[in-house]
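Okay, here's the structure, questions in a sec.
For clarity, chains are labelled A, B and C in written order, and residue numbers in each chain start from 1.
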Amino acid sequence: MIHDKKAHKYGMVIDLDKCTGCGTCAVSCMSENNVPFKEDESDKKDSITWMRVYRLTNNKPFPDTEVAFLPRPCQHCGGKGDHGHSPCVSVCPATATDYGYDTGIVSQIYTRCFGCRYCMAACPYHARYFNWWDPVWPEGMEKYLSPNVSPRMRGVVEKCSFCYHRYQLAREKAYASGSDEIPEADYQTACTTACPAGAIVFGDLNNPSHKVHQIVKPDPHPDPLNPDVVGKSRNPKVFRLLERLGTNPKVYYMSEREWVRKLGDHYLDGEWDKVKNVYGSASHE
Amino acid sequence: MDAALIPEGAKRCSFPKFMLGIAIVGAVLLWGVYAMLLCWFKGLNQTNMNDYYGFALWIWADLAVIAVGGGAFFTGLLKYIFKIDELKNIINFAVIIGFICYSSALLILAIDIGQPLRGWFIFWHANVHSMLTEVAFCLSCYFAVLTIEFIPNILENRQLNKVPFFHHLAHNMHGVMAIFAATGAFLSFFHQGSLGGVAGVMYGRPFAFREGLLIWPWSFFLFTWSAAAFGPCFTLLVTRVTEAVTGKKLVKDNVVHLLAKISGWMIFTYMIAKIIDTLYWAKITAPGLGFELSHFYTSNGFYGYWILVLEVIVCGVIPGLLLITKTTRENPTFRLIAIVLAVIGVCINRWVMVLQIMAVPVMPFDTWALYIPSWQEVATTILPVAYGIILIAVAYRYLPVFPQELELNRRPEARES
Amino acid sequence: MKVDRRSFLGLGIGAVAGIAISPVGAKLTDDFSIWTQNWPWTPVPPDGEVSYDRTVCHLCPGACGISVRKIDGRPVKIEGLDPYPVNNGGVCLHGIAGLQYLYDPSRVKSPMKKVNNRFVPISWDDAFTMVAARLGELRNDQNPETLACISGSDQGSVPGLFKHFMAAFGSPNYLTMPDLESWLIRTAKTLHGDAYTLGFDIDHSDFILSFGAGLIDGWGSPVACIQAMGTRRQRESTLVQIEPRLSNTAASADRWIPINPGTEADLAMGMCAVLLKENLFDPGFAQGFSGGFMRFTAMVQKEYPLDKVAGITGISASDIQKTAVAFAKAKMPVALPGKGRGEGAQNLKEFAAIHTLNCLSGNVNKQGGTFVKPLPKYLNFPDPVQDTVALKGAGSAPLAGSVQELVTRIDKSGESPVKALLVYNANPCFALNDPSRIRAAFEKIPFKVCVTSFMDETAMASDVILPVSTFMERMEDVPSKAGLAATVVGLSKPMVKPVFNTRSPGDVVIGIARALGGDMAKSFAWNSYDACLEQVTARIWGPLVRKGHVVLSKNLPAGSVKTDFGFLAENPETVKPAGALEFTLIPIDNFRVPPTVPAPSPFAIKIVSDRILKGTDMFVEINPQSAKNLKDGGFATLTTPAGSVPVRVHFNDGIMPGVIGMVKGLGHTLDNRYVSGKGVNVNTLISPKIEPDSGMDAAFCIKAGISKA
């Protein structure tokens, strides 16, 4: 648990009612982070997409079918009890992925990773991707690569970094202006700024003046029903993916639609009706 | 031709016949080496692994060979610490099998990682929270121990033993072997366990996740226990196969019965623990996370309840019962059935704890992921088998592996092999 | 010292042991790992000074403002420009992937001519000389009208230059591809007269009745539409989506009404009948009604009674009634025509009938309604210098009203009436129905010149390719269109020097004209396209350069418009899908797959669902209720009167039973392995069907059969 008041806890909330499934977030991410592409990317189990958009359906027959889209970046899990032992960080044998206690961001050090892929096995969100191939760009196309993010070599794992390089730039800018506060607008991820529907809101979950905090209203106390869960939203429309596992993601989702919210986690028969109206305790406010 | 190297008094097949056999297995070995080189030089795109199957056939093979290689540490423990002296007649062979298994495991790991040249970062930048770090340290140390345990046997080769230094070295090493056996058992306890921990700590994967004691999930203890239980079965199985191939009896029945009995009781008790663990996981752990048991065994084209029944009952409880019952244990056919089932059982357990974990969808909107290994993966997995056969053949031919061999084969009509 | 076996062995062992304990091993191990961290074949992007530049994207009719991040002048990222009157910071995936188009493997790197069916590079001078020689012959033969030109769009100074060229040359045969804007202009012309277009104020409307318009699937100005949809719920604006398939737009709508494919026009007519019958039309606006209103009223009441329309469309009579009434009673209703992206094969009857709903609602030229806007007139080209040949040719009757009609003419004539063809920014050999028929017609045209950035299907069917710079490499005015309420002209500027030996399309036109010499050259007296642009946009040039864009009309179009119902009063026939097979095949517009020019980028193809494309296999959607013995994911053969292709089946509960959907824009055969050879071009399965009144291809869908492969 982070007691340092100055520690940030960057996170996002994605409005699934606004998301159009257009895929702009995914492409913006690829362009920002020098993600390579291959001749055939139709095997989605072997296609590096830090931000992947899933299609959800309510599984009802025509004409009651409904569809929603769920963009899935790395969830930047805080781990059980939000102590920083994310499922992936705790298993990496070479400390090549680490939890930033000052930002809440799960980092990946490509030059240290030796490609054991244990982190991928541990991640239930499939947010981690392995470089099965050398990254190769068509002749000349490497000229568009950005120097802010180093292209990854074959044989290492990569994933969404919440555009950490943008955080570094914003922090430098803040230092240069003599402030230790990073303005909300100065640090935004590439997917957030690109989303044409305005479905993604990014910011510091610890900062009450940030929009993401205001929407999510995270409960800083452990969930009385499951002490591993910290930071449950007090907004009845907001949920997290697989929250019950205790991974404590910093990516929240929002929907008016009950069937969408229910698809965020697993429930035994009859369980959903009992828990669907249980939100983070208001008394902790 | 190589008569001078063959243990005194032992009958061995002719050198050309031996070399022919080696050449055939060697061809398979070369096929595996070719696949290995492809993986190293072209990368892991040579496999059919993907981002859902980061752990696949190799990791299963790795876990399986370490499990069945557990016969080495457990037999060593029984022989040197618990002083069950009969086991000296099989300990050499147990050590060789262990050596093969562990060297294979290390080789597979070296192929499996995406950046083999950086593999040593696991030691240099070690993360003490990772089960894999524990595996790496214990595995390497235990491999060193196995090497030390193997050396005296090598030095007993007829020619080497003529060198006084080697002769005395081998003798003295035997004397201190109890220390290494203890070290080996200790290390094995941890790396067998931490291999179980690898799966058990993945709390993002409800199929794998187990609650446990302090930092160790129950699968930690179950893996150690199962390796100790099933490892000796593999030692017995390989012994039986060697006997069949050489056409000689190599180990006396009382030794085999004793080891089978110990293994049987270990299996039996392990299965009780395993069943309790499975029930607790199925009834408490997984439902607590919102998962019905059926989630893990239905809605896909391969993994059904059959695999659970096969692992726990057919290849677990049944061989356990066969081995603890005196009549079936001492009946060669039943015993063989039991040890074959047991070896299959532990391999299925490791399969489930590696591959089924990867196959089960976790996000509610995700789907089952099945995969078929590429030929490169199959070849590199067979590579250790070929290597093992060659090493056993060479060791059997030139080293006094089975102390009872001469005694059991004094009859002049003993067939050559 | 004598080296015997023993000492040799000892030395060897000693050496090995020495090396093993020396630091050499550790050093090598370390060096190896450092080497893997710096593999020379993994690129290291050079660092440098960061700068931002602004321009306008013209990959699609959206005309979004974009911001380009550069490192030492090297563009590395495209983002939305904020503020910008079209997209206010928003951007789409294709715009972001604009950088990939710069270095696209299918870029044409220099002028090319076809020799023995292969393209060989030539110089620009040779290219101009050659083209001028061939075109000059037509003028020498007094047949300038046998030159035709196909352009992707009709607006802006570059299409203006092509038109200028055609006028000076002496041919009336300037045709554009059927984009949404062309349909809107045609609709406005039918109901309100010449030189109007339609805009829709979806940002303010409180009731959007969309007849399949893919508001979040790429319709109109895609980013602007998605943004409007993003705030729709907050504004308590209702969206009713009518289409046969649960598109993403339908999924996000308040209500999805499935409709039998191709019957939207009948539904709109039926709704008009409801409004007229229930007296729910705006009497004030009706004062501007002229020609044929009474006839129209009588006709729809008679020909489109509720029950009949319900039978045709498959929507219950009460639903039609309720929806029509809700539309009429809304404060600011707007009805949107244009299925999917609104381009390609649509039909005038449908556009006109849907726009008639707008007219009846009276919410025209009012906030939250439909704007009948005069076409932007910011360009002032000098009159072309036309000699007698040109005057005669330009005065002749146009060969056709659409590219498909032109193709039909060529198809039916023994010798092509078109002797030379210029194609600019269009890919008819891929993007129109039955491309093989179009390629066959191309074969008959003796000389084809393709002005393009990419070696696409049409370029490959040409004789000469004149490569143009992409939007990132050139200056151009970019007028907004595609149903936007406001009219904005943006200035796109070169962000980077041309990567290859390409020129601005304006310079290409000027180059050809000058090579033709004589009066042609006189009409193109500019030194360069940039000079031409400055001159023809003189009225707005200052602010255009200063601000990067000019808003021509933001406010409501002034004054009233006359509305003529003559066309619909005749009750033109609805174009029905061809064939008699059991299913109806509809093309699906998917946001991630651009169907026209340019082809998808590698990034776009990368994120296409594996239920659309798997390897090179094309999926079609079918409702499991009508799937019979087909299996989800299984292989099947899809047959239409136009052809038969192998496909794979994707069960989608969100498509009407009896309908098969196939994503449009795949199945390219161009020279780009990341994009090419993947899937099937749905256009190959649909034969064109010309709507008599518009001369346009109206074959949106076609009857189809599917069987297990």
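Keep this in mind: contacts are C-beta pairs under 8 Å (C-beta built on N, C-alpha and C of every residue); 3 or more make two chains touch, one makes a residue touch a chain.
Remember, predicted model here, so these are calculated numbers, not experimental data.
Student: By CA centroids, point me to the most central chain in this structure.
Tutor: A
Student: Pick out whichever of the two, A-C or B-C, is joined by more C-beta pairs in contact.
Tutor: Per the contact counts, A-C leads.
Student: Hey, how far is the Cα centre of subunit A from the one of subunit B, in Å?
Tutor: Computed value for the inter-centroid distance: 40 Å.
Student: Per the centroid of Cα atoms for each chain, what is the distance between subunit B and subunit C, given in Å?
Tutor: The answer is 62 Å.
Student: Where the centres are mean C-alpha positions, what is the separation of subunit A from subunit C, in Å?
Tutor: Each chain's C-alpha centroid was found; their separation is 34 Å.
Student: Where in subunit A do residues touch at least two different other chains?
Tutor: Touching at least two other chains: 43, 47, 55, 134, 153-155.
Student: Would you please write down the residue numbers of subunit B that are in contact with two or more other chains?
Tutor: Where subunit B meets two or more other chains at a single residue, that happens at 115, 118, 121.
Student: Residue numbers in subunit C touching 2 or more other chains?
Tutor: 36-37
Student: Per the contact definition, I'd like the list of subunit A residues that touch subunit B in the complex.
Tutor: 43, 45-47, 54-56, 70, 77, 80, 85, 87, 90-96, 112-118, 120-126, 128-134, 153-157, 241-242, 244-247, 263-269, 271
Student: Tell me, which parts of subunit C touch subunit A in their complex?
Tutor: Within the complex, subunit C contacts subunit A at residues 36-37, 39, 41-48, 69, 71, 74-80, 87, 89-93, 96-97, 99-100, 102-105, 216-217, 222-223, 226-227, 229-231, 233, 246, 248, 251-252, 256, 258, 499, 591-592, 602-610, 613-615, 623-625, 652-657, 673-674, 678.
Student: Of all residues in subunit B, which touch subunit A in the complex?
Tutor: On the subunit B side, the touching residues are 43-45, 49-55, 112-116, 118-119, 121-122, 124-127, 129-133, 136, 198, 201-206, 287-292, 295, 357-358, 362-366, 369.
Student: Help me check something: in the complex, which residues belonging to subunit C touch subunit B?
Tutor: Those residues of subunit C that touch subunit B are 29, 32-33, 35-37.
Student: Can you list the subunit A residues touching subunit C in their complex?
Tutor: The contact residues of subunit A facing subunit C are 17-18, 20-24, 26-28, 30-32, 34, 37-44, 47, 49, 53, 55, 57, 59-63, 65-69, 111, 134-135, 137-147, 150-155, 190, 193-199.
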